[in-house]
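Same chain, two partners: chain A is paired with chain B first, then with chain C.
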Partner chain A sequence: MVNGTRLGVGVLLAALFGAPAFLPPFYVYLIALILVTGLLATSLNLVLGFGGLYQFHHAVFYGIGAYTLAIGITKLHWPAWVAFLAGPAAAALAGLLIGLVCVRLERLYFGMLQLSLGSFVWIVALRWYPVTGGDNGLHGIPLPAGLKPLGGAYLFILTTVVASLLVLWAVVRSPFGLTLQAIRDNPQRCQVVGIQVRAHQLAAMVLAALFAGVAGVLYVTLERSVFPNMLSWVLSLEILVMCLLGGWFTFPGPLLGAALVVTLRTFAGRYTEYWTLILGVLLILLIFFLPEGILGTLRARHAQKAPEPAPQPAPAGDVHG
Partner chain B sequence: MDNLLLAEGLYKAFGGFPALRGATLEVQETEVVAVIGPNGAGKTTLFHLITGVLQPDRGRVTFQGREITRWPAYRRCALGIGRTFQIANVFPRLRVFDNVQVAVLSRHRKTFHLALPASRFAMRETWAILEHVGLADKAHHPAGALSHGDQRILEIAIALASRPKLLVLDEPTAGMSPEETAATLRLLSRLNREEGLTVLFCEHDMEVVFAAAHRIVVMHHGRTVVQGSPEEVRRHPEVQAAYLGSADA
Partner chain C sequence: MAILGQLLVGLSRAMILFIVAAGLSLVLGVLRVPNVFHGSLYMIGAFVAWTVAEAMGGSPARLWVALAAAPIVTAAVGLAVERTLLCRLYHREHLMLILFTFGVMLVLNDLVKLSWGPTYRSLVPPEGLQGAVSVLGVALPRYNLVLLGAGPLVAGGLWLLVHRTRIGKIARAAATDREMVAVLGIDVGRVFAVAFGVGCFLAGLGGALVAPTTSITLGMDHTLLIESFLIVIIGGLGNLWGALVGSLLFGVAHSVGLLIWPQFAIAFPYAITAGVLLVRPQGLLRSVW
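Right, the complex of A and B next:
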């Protein structure tokens, strides 16, 4: 089973790295968009599915990452590499500031407060014309020569997304990731075993915002534009649906959700302007029929068929205690 | 014997309703102390004040001579006060193993560790606790799928992972079958005997109380009214009239 998964991931990676060689540009572009959005959804799921936080306005950190890169290059004339690093850093800082306010509240109140703070950032992006370009956004952002052809941008995006996912996967499996899931399941119990719940939630928010910022920077690499819709709550809702659809208690769930939603949005957009209506119907169906998402439901079925293996004896490779 | 825990003159009201009106409680090291009393007597509130889930309006709590009245729960845990709850209070989506491991990681202050997988930490200690309480064969089950009795045992295992000096249990055998109750009592008395764990618990089942406790504290209307050995409490006329009734015969 585990080896099968590894083989599958290997084949998928080989296919992704080879894609520009045999796919037409439109599909290369579509895969790049799925990768960027998938990283964004996975970063959200660190706090949503693994942390149990109602992060209702995650797109804000994506937008801040993208705008920081765009403004840094076009208005402040930073070197490209500085702007590329500043994007995720600014997103993480925003995660820290918004997080400091929000983790004082719980559950739905956390989500509502975040929506209002996020909407404030969105309004700034929408109205501050001299800096953000207002409702037009900023376009034709000059990037290093290697990133200009689609193939170059694609490889940069693919490599960065894979590296980021590896880091997020390590975080989920680490003691911090385990603690985060325990906080999701039962914050009160965590406090009584000595865990500082809010400090862990805040750290998770900063990490999630950092990787949302990475996704934002990658989006600019692909599109060479930024616009205020990148920080809108509609996008936040879309990535929330991706997590729920794919399976928010699984690691690859948001990636699958992103692949499905982005593909659907791309092709539905050719026939209708009412994409958000389709999204709404999808959300309703999900809540009623797949509350654990596609991968969560599959995993539950699998677990019913094959019970877990017997426990292992204490292994020798124990680092601490 | 040293005075491990001392709670003096605790008052606590919820929206004007006084849940505690001058509760005083003393626990010596390596003692097993039971708190009894009718529903609404303030037992759970008293335990919340001792473990830091709530803070009193008046009164003080000292542990090993140190005043901890206003300390948050996580600091009291580090000091050596462990806790289980009235309702099964575990991490339902995590495996049984992870439930205990997270508490061990917390004691080792490793919960912010990001780089290595959790499976590299505290494995031996977690397995030892699971074997100690008899849950090792269910280590890979999701905690939410355990029977009620096993979830209560798992709670004790989580509390033990913080290596408490004092373990505070809120109705540890509520909802258990007679066999599970007997097994839980055996576990608690073994921990007390072999490891010198001090135990403070409240309980409705008088048989459990008289079988396990060295000393019994009776609460009524938010006050601690009688304290003494099981024999003394059993003979006390007020207690007989109010709580034991004719069942004492």
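Right, the complex of A and C next:
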């Protein structure tokens, strides 16, 4: 089984690296968009699925990463590499600040406050015209020559996403990641055995924000523009749906969810302007019929057939208040 | 004197915030669900009020009929969602309940777009409520008197409902320990439906009341929902008087902000919230849970 998975990942990677050679540019662009969004959803799942934190407004960190790069290059005239590093750093700093306020609170309070603070950042991006360009955003951001052709941007995005996913995978499997999952399943017990619950949650938030910032920087590489919808709540809900659709207790779930949702949005966008209606109906259907997501459901089926059942993940949200 | 005038305007806004946040707080207290489509119902309330007022043409009673019709429509929408779908999720994990209300918000907002379109609407108050009156030497829009009256009326009505009726007592008991209430043979589902319906009614009432003071448009739900969340957080989850205190703080902070730094007046309530939470993370008043 494990070897089969490795082989599958190897074939997929080879296909992804070779894609620009045989796919038309539109599909290369679509794959790049899926990779960027997939990294964003995976970073959310670190805190949501593995950390059990109700991070309802994750897109904020994505937007901060993207805006920092864009503002750094166009307004502050930083060298490109400084701006590319500053994006994720700024996102991580925002994660630290918002996290410091939010981790003091219980689940529901946490979610509502995180959502509200995130919306504040969105309002600032929308109104601070001289710096952020207001509701127009910033367009035509000059990037290093190697990233200008789609092929170059694609390879940069693919390499960075693969490297980031490896780091996130290592984090989830590390003692830190296992402790985080233990806190998700039973925070009181973890507290009692001497685990610093809030410090772990805060660290997870900073890491998740960092990689959301990486995704934001990659988005600018692909699109060469930023706009306030990148920090909008609807996008946050979209990536939540991705985690849920793919399976939010699994590592590759959000990637699968991102692939499906981004593809659906791209093609649905040609026929209708009511994308959020489709997204809402999809979310409601998922809650009623597929709450563990595609991969979670498959894994549960697999575990039923196997002689020794794999441990079932405990639902993250049944502890009230 | 400019400060006094701003305070009165802020107080009028605080009344709208209170009516909407009280509905949210009631649902939170009894069902323990932050109803994310509460803001959408507020927006629907404003649009329905506009449609009703337009349909009645020049009739002097048009505002009052609109104010009565809008909350009934939103309560019906909320109850329909609760009875058909939400009530099937009460036994599920908490996160799923919240995500469900997210989904309904997305659907409702696009349905509003489908029904009323993206254009701005405005509702002109009837002749008797146009213009301004002089209060303590400050010019105050006449319609704001309606708002200043509506807030205390709603607060009083809610107090009577929660503390002086049988269903209110049961709702308070269910908020504290719903299993115990169910064990006593009381239909908790019915109590939940009533609380949810009242909450949705208040969202629609807030939307209808705000309609004559602002442009009615898509997206008007977002800011208000976030502000209601913050008000409920700083007030203490599910605590109606906390919602009142929070709304007053918010309205006043916003009007002071308008005087000092108009472009970012909206930042002032956030600053207040951050300050309150640093000192009292659990909110100003006791949470009902």
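We take it that the second predicted complex is superposed on the first by the 307 of 321 C-alpha atoms of A that agree within 3 Å, B and C clash if a C-alpha of one lies under 4 Å from a C-alpha of the other, contacts with A are read in each partner's own complex, and residues count from 1 in each chain.
What we mean here is this: a contact is a pair of C-beta atoms (placed from the backbone, for glycine too) under 8 Å apart; a residue touches a chain by one contact, two chains touch by 3 or more.
Note that this is a predicted model, so its numbers are computed, not measured.
Touch criterion met: A:L277 reaches chain C, while chain B stays clear of it.
Once the two complexes are laid over each other on the shared chain, residue contacts for A:F249 go to chain B alone; chain C is not touched.
By the touch criterion defined above, A:R104 lies against chain C but remains apart from chain B after alignment on the C-alpha atoms of chain A. By the touch criterion stated above, A:H77 is placed in contact with neither chain B nor chain C. Once the two complexes are overlaid on the shared chain, A:S116 sits against chain C while remaining clear of chain B. When both complexes are overlaid on chain A, the residue A:R301 reaches neither chain B nor chain C. Shared contact residues of chain A, touching chain B in one structure and chain C in the other: 315, 317-321. Against chain A, the residues of chain C that register as touching in their complex are 32, 34, 85, 88-89, 92-96, 98-100, 102-107, 109-111, 113-114, 222-223, 226, 229-230, 232-233, 237, 263-264, 266-267, 270, 273-274, 277-278, 281, 287, 289.
Chain A contributes residues 170-171, 173-179, 181-182, 184-186, 188-196, 200, 203, 249, 308-311, 313-315, 317-321 to its touches with chain B in the complex.
Across the interface of their complex, chain C is touched by residues 54, 101, 104-105, 107-109, 111-113, 115-117, 119-120, 123-124, 127, 233-234, 237, 240, 244, 274, 276-277, 279-284, 287-288, 291, 315-321 of chain A.
Residue ranges on chain B touching chain A, taken from their complex, read 51-53, 72-75, 77-78, 82-83, 85, 89-94, 97-99, 101-108, 110-125, 127-128, 136-137, 139-141, 158-159, 161-162.
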